[in-house]
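Here come two complexes built around chain A, the first alongside chain B, the second alongside chain C.
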Partner chain A sequence: MALLSLTPFLSLAVFGLLATPAGFLRFRKSKLGLAPFVCILGLAIALVSTVWLGFTSPSPVSFGGLQVDLFTLFFSGVLLIVAIFVTVASLQNMREDPNKGPFFGLLLLSTLGMIVLAASMDLILLYVAWELMSIPTYALTAFRKKDPNSNEAAMKFFVLSALSSALIVYAISLVFGITGSTGLTAIASSLSTAGPDVRPFGVLAIVLFIVGFGVKMAVVPFHMWIPDAFEGAPVTIGAFLASGAKMAAFAAAFRVFIVGIFAFNVDFYSTFAIVAVVTMSVGNVAALMQKSFTRLLAYSSIAQAGYILMALATPFTTTSVPLGLAGGLFHVLNYAILKTAAFIAAAAVATKLSVTDLDSFNGLSRRMPQTSLSIAVIFLGLAGVPPLNGFFSKVMLFTGSIYSPYSWGGYLALAALINSGFSMSYYGWVIKRMYFDEPGDESRIPEPRIYMVVLWAATILIFVIGLYPDPWIRLVQSAAAALVGSRGS
Partner chain B sequence: MEPLSSFFAVSVILLGIGIYGLTTKRNAIRILFSVELIYNAANLNIIAFARLRNPPIVTGQVLVLFTIALAAMEAAVGLSIIILVSRLNAEIDLSKLSKLKG
Partner chain C sequence: MASSLIAWLIWVTPLVGALLTPLFAKMHSRVRDVAAVGFTFAAALLAAITALMVSAGDYTVSWIPSLNITAGVLVDPLSLFMANIVAWISLLIMIYSVGYMKGEFGLTRYWFFMNLFIGNMLLLVLADNLLMMFFGWEGVGLCSYALIGHFYRDEPQYWVGSPGDKALDVSEEYSPSKAGMKAFVMTRIGDIALLIAIFLIYAFARTFNYNQLVTQLGGSGSWAANLARLGLLLPTALLFFGGPIGKSAQFPLQEWLPDAMTGPASVSALIHAATMVKAGVFLTGRMGPVFFIALSQFNQVPQFFGVIAWIGAFTALLAASQAAVAREIKKVLAYSTVSQIGYMMLALGIAGLSANFLAGYTAGLFHLLSHAVFKASLFLAAGWVLHVAESRFMDEMGGLAKAMRVTSASMLLAGLSLMGIPPFSGFWTKDAILSVSFLGGQYILYGLALATAFITGFYTVRMLGITLAGKPSKHVEELTEGGKHPHEAGFTMLIPYLLLAIGSLGLGLAYPFYSGPLTTYLASAFSATVYKLPAAYTPTSGLTDLLLLSVSTVVAVMGGVVGYLLYFRKRYEFRTDMNPVQRFLYKRWYLDAIYYKVFVSGLLAASRGLYTYVEQGIWNRLNNTIARDVMDYSRASDQLDTQVVDRAANEVASYGSRLSNFLRRLQSGVTEQYIIAFAIGIILLLAYMLFVVGAT
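Let's turn to the complex of A and B:
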């Protein structure tokens, strides 16, 4: 049954529409209402069906522009794990909010947009999915109506994000003008025979695609909205933007560039390499100078985007296993888990101390031992310390870059390695503050139980991926092969 | 001048005005205008490419209907955020909104 491949999409759509009216119903006298449970049910059905589809029918099923293959299912799994973590954590900070229905409904619909984005093989569908992902996140960022920080964050986020959508539409218009088609495989076959007279339009389209996706992926110099948006948005939505929306933008970029634009004989690989090096350097240096924990996380997420961009800077032939691309996908998985958990840890500290400046982290291990332990594990994972999960994806990315056909591949890997070592300075500095500095106030702080459930689940996942990387590496390799296989013949 | 290149020239000028507005203006409404200009430049492009192609293809018209509808939705959400901000701050100048810094 080919239609069964649509289960994850349909489940999110149906439960997303149900969650809003369900917000008005009460559930067993609990204060939470029915909406969060509808949301979790929808996400769980989607995740189970994604995993089930991945095991039973890994061959690609195509519905016009929507293609369900292992690449789609991989991103669907990653984004659904992020969405489940965010939803469960939101049970804590949305407890008192009267508008739970819209919140959880928008969360589900935005997740649906992200998954469709990973599945889209047609630029019309890609754009619709892009907006389905973006528009709910504007509303979610502004969800605290009376909080000026939330509003300001939403406005800054909206302005840049609307610009990115507009530029993507312009790029689509140029590609459509050159090729007369919106399907990615048709675009690729038409671009491979394109004459030199359309070359400037093609180059402009590529630049606009890089800028448009780059705003959402938060690559330098389009990263300015990230720290403001993450700091002002409701805490769990910060996690959702950092891991969900950003990784979905990477999925779209992988699809567009590796399935469609690659056929056009323009060297965008070195552009991505330069952007990657600048992004990771700026992110790491700026992170070192931050005084607030959420802003430090925001800049570290910019740096991590630089590592993932290395996957787009590594060209490959269809005959070999695309090691750099597989490493990029592995880093997407690891980054999504690590960053979601990091933001939820920040939320746990922020709800109890109501500040997130780094001075309040002094001696935190004595006040909030579970949170401190998970922050330490997450930061070591982000820095890429073995045997945690970030190590293997970085090794794959760097090795893939060394084996790239370009002579600068080795220098790119070296720059990333230096950056990776440098990032240890601020990660280690926070860990040092938590474990070796004297707290101003010794009193033990009760840790919010729901956040702890998510943090323990994420920490266990980090160790599982780090200690048993083999099945995960096979997964990302087959996802990368599926992406390359979705190129037209 | 043949029709396709004149349409494209107008569209590039609209794109340029939009990007100029985005980089120089700090009023949120003006920025929204600039973004809409870029959307319309793209729409004009798509329509011209689809209509003046030989033979004409209908995919472009479908795509433009989608972009018009979605851009309108985006503008609606954006305007509601601007209204929220102006209620709280009596100010929609982006350069004067600076609570979040550090």
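Let's turn to the complex of A and C:
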């Protein structure tokens, strides 16, 4: 029966392999072919089994280095929702593309990598999952092979991503050298007794982990590929990178730092605090300066990464469910929904206007009312305006930081609050453009129905989570507890 | 249960109404208008029923048990007092809107945001915890922003400021959309301070609930004690007060309100005179006693309440002085609103500074009531006046009283109340504030308030004189010749402001009868078991009281006489060559311009600098100039080589040139710079961890 716990992984693997050949098959009249449906089926089975597992067998099940616990299931739920949104939205912009099979196949395989990443309790498995997640995304970023921007973006993404993989491998080897193990619990018990002579190597490993994960998490100054990649990649893949890959990288960082490295007597919390403040500040300031919508989204996603990093900057005791960590996971959930929806809204605008510079958003509310409304809701959610979902995760993150045993916790919360207020300036600016500025062209633009389905689903979720956050908070609290529980005794 | 449901419905009803507006609009525009007013009427009725029939209490339901947060409606004298003011004045203004907004575009949007506003405002007032209060607080802010910018097409007649107005080269003219943005950003500053304070309180008290905050005050382990131990109690209180400063447009965040007058007059009356700007006073009234008890355990009361009182008194004088030279009728009223709210803040501050907390406290709240009534009336009437005169400038009105006797009478009644002339309600409540500051021993504050009373008398008479009395201006004469005779408003508009003006008189006449019971009622919130306030209300000796009454009245009348001599029976011309004092006041003490330079331009410049130097990098810019040359060259050769027909900028031609192009860009160093930044990042992190952290 324990094998049932692997259903999400198996479903993604099997359907991922099926999707590519299925791309060559098609219904008689449909342009779409079978690949997207195989893809959605695989994701749906995975999501349903994830939810089912979460309700029926919340106690952790281990398969060597792969651990299926509530933390894993939480992340796989989030990532699968993102993947489903992206797949559905891709039905629209991949309609004319002849290579649907590989596209959806790669999407599934990358998703598989992400959820394995969240399940990894072993560094080798973690690395394999990391690569399984990354390699398909290079191809997906460069999927418009005739578009030089897409190629350039993929190239930059690839170079920096390869660098990050290399750093992670280096960090893993250092940790292995110190502890003689690749399992996270074994590493923890061995690190807690590590002598001062290995200390510099341990510190180096920590830095390399931060940098390696940081590239995908969009940590400043390792974020520079992000605006380029999001702008160059097909828009739905932008959503996939911004919400999927980034959140998976956070999952990896949570596992490695909170289960493994915490035992090492080095204060990496303040490092994360500094990195968090720098990341959110640079992201917010740079976002204000952008003239293109996708670049603005890219920088806002960098700023949001800064907030989530606060969860790693709050140490806690194992006795209670850590508020900051739960807040971080909650923000992961909210951010994933908000950002995916934001990119899909951008896709809706981009496919119809073929540009996404902010001037084309002037008076958009009269041209694309549904898209504009959802962008407004999403932006208010990202800014943390109550009663939308982003508010409560920020409340938890910031309060968690105030509870921090370190005296700088309050200042971290203060910096985040000021940042959060500052971010309202550019979110508000876009809303003002959409609702109060005169459009250059008054004509009504038909809004792609598939995008609207995703946008409305996301908008409703944003309100539901914001108005009744309790079940979601209990979910993230138990996920956080599961993560802390996966520490060795 | 049923009774608590009524209390809940007070704020839910208008929100539901707002959400249903688009549906009603689909049926018929008439249905939409009637339904919008109907929902507000329902809310007002519910508020009245709650006040009469629902017993006081905290009606909570479970909301987020995982964080120990409940949702609830707090029915107590303060919330009912405020909720009834808000709901009933809202109703009158909604009725006025039916006539006033007839034929304007975007009416569905207008009704939606009006009802959304009313719902959020009632939520703010009735919430039993800081979190829900903050929801309402943000909600009214958003609605205010949307309604200020209602005429987002920015036609010149909806602007605020004279054409070409400048201070320190910063334009003082505001279009509706710009004013909306300004209001939003400026109140945001206060909101962040408020939010920080709320977080701090929650972090230490682990609750947002007002009653729990009060009951957990006692003892050495209380949240206040824990905050005080870290030296954070006074900062928390002051940060908390930042929210009211922003929302109620007090110094130093007073500058957004005058420009918010770009909205329709009904919006100005509802949001920027009667209700939303009072939210700050309300919140200070709500949490003031809590902070009073908390701070009194650590002898920090005078610092906090001193700040409130001084900010209030200073703002009152500052804004009144600006009203004395303003050119636009709505701006006079806006400055006057800021100034009057300053009075209320002064009263709340005095409450903490004097031995008699309740005297100052109720004086502030009474003034809130009387100001809401007469200022709403003035705004609504002014809305009609500027509609008739087809101008927002007072010098383009004049002599309107002959044709508009009822409107003029209504404005006169409300104006006398604003001046503080007996027996209008404004007289009693303003005098109460002046007396408590005198009796509380705050003679400088009393002086400031008295000076404000003088200027208030002056600018009120000036406004009435220029617009209604005197000779018709050229503009009005031209209108009359063109066949547009000034005339009275229709009943839907006339009745609301007339009713409010008469109400102001009625409240004044009845004041001696209801003030005592209402004071007792408001004081009953502070039952000795919970609040332990110095609650005994001791009336002062008759003679002192009478003396103070006559002083404040005489001063206001003197101001009025000066205004009368200068502005009645004359044709007023607006002159740009002002004397230095006038110019200083007219340019708003240059505060607006300085803020703009420092905060808007400064912040943008700082962001831009940070972005270009930190984000794009100095080396990036250096390399980019070289890269651009290379790119230009390659682009030119591309076009020559391939002779593409469509030369849209984002299309590059052949595969070969594309490949070379992106390789060129890669080699031009962009990616290299990323890796350099990468390396620097690693080195910095390593250095930090090894030398700063590792040292432990």
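By our rule, the second predicted complex is superposed on the first by the 488 of 489 C-alpha atoms of A that agree within 3 Å, B and C clash if a C-alpha of one lies under 4 Å from a C-alpha of the other, contacts with A are read in each partner's own complex, and residues count from 1 in each chain.
One rule holds in what follows: a contact is a pair of C-beta atoms (placed from the backbone, for glycine too) under 8 Å apart; a residue touches a chain by one contact, two chains touch by 3 or more.
Values in this document were obtained by computation on a predicted structure and should not be read as measured data.
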item: Chain B versus chain C as contact partner of A:Y403, first or second or both or neither; value: second
item: Touched partner set for A:R95, first chain B, second chain C, both or neither; value: neither
item: Chain A residues touched - chain C or chain B, whichever exceeds; value: C
item: Touched partner set for A:P148, first chain B, second chain C, both or neither; value: both
item: Partner chain in contact with A:A139 - chain B first, chain C second, else both or neither; value: first
item: Contacts of A:V266 with chain B and chain C, given as first, second, both or neither; value: second
item: Which of chain B and chain C A:V169 touches, first, second, both or neither; value: first
item: Which superposed partner A:E231 touches (first chain B, second chain C, both, neither); value: first
item: Partner chain(s) touched by A:K156 [first = chain B, second = chain C, both, neither]; value: both
item: Chain A residues contacted in one complex by chain B, in the other by chain C; value: 146, 148-149, 151-152, 155-156, 159, 163
item: Residues of chain A defined as touching chain B within the complex; value: 123-124, 127-128, 131, 134-135, 138-139, 142, 145-146, 148-149, 151-156, 158-159, 162-163, 165-167, 169-170, 172-174, 176-177, 180-182, 227-228, 231-232, 290-292, 295
item: Residues of chain B defined as touching chain A within the complex; value: 8, 11, 15, 18, 22, 28, 31-32, 35-36, 38-39, 41-43, 45-46, 48-50, 53, 57, 59-60, 62-63, 66-67, 70-71, 73-74, 77-78, 81-82, 84-85, 88-89, 92, 94, 97, 99-100, 102
item: Complex interface listing, chain A residues touching chain C; value: 146, 148-149, 151-152, 155-156, 159-160, 163, 199-200, 203-204, 206-208, 210-211, 220-222, 224-225, 266-268, 270-271, 274-275, 282, 285-286, 288-289, 385-387, 392, 395-396, 398-399, 402-403, 410, 413-414, 417-418, 420-421, 424-425, 428-429, 432, 435-438, 468-470, 473-474, 477
item: Footprint of chain A on chain C - complex, ascending; value: 63-67, 131, 134-135, 138, 142, 146, 149, 152-153, 176-177, 180-181, 184-185, 188-189, 191-192, 195-196, 199-200, 202-203, 604, 607-608, 610-611, 614-615, 650, 652, 655, 658-659, 661-662, 665-666, 670-671, 673-675, 677-678, 680-682, 685-686, 688-690, 693-694, 696
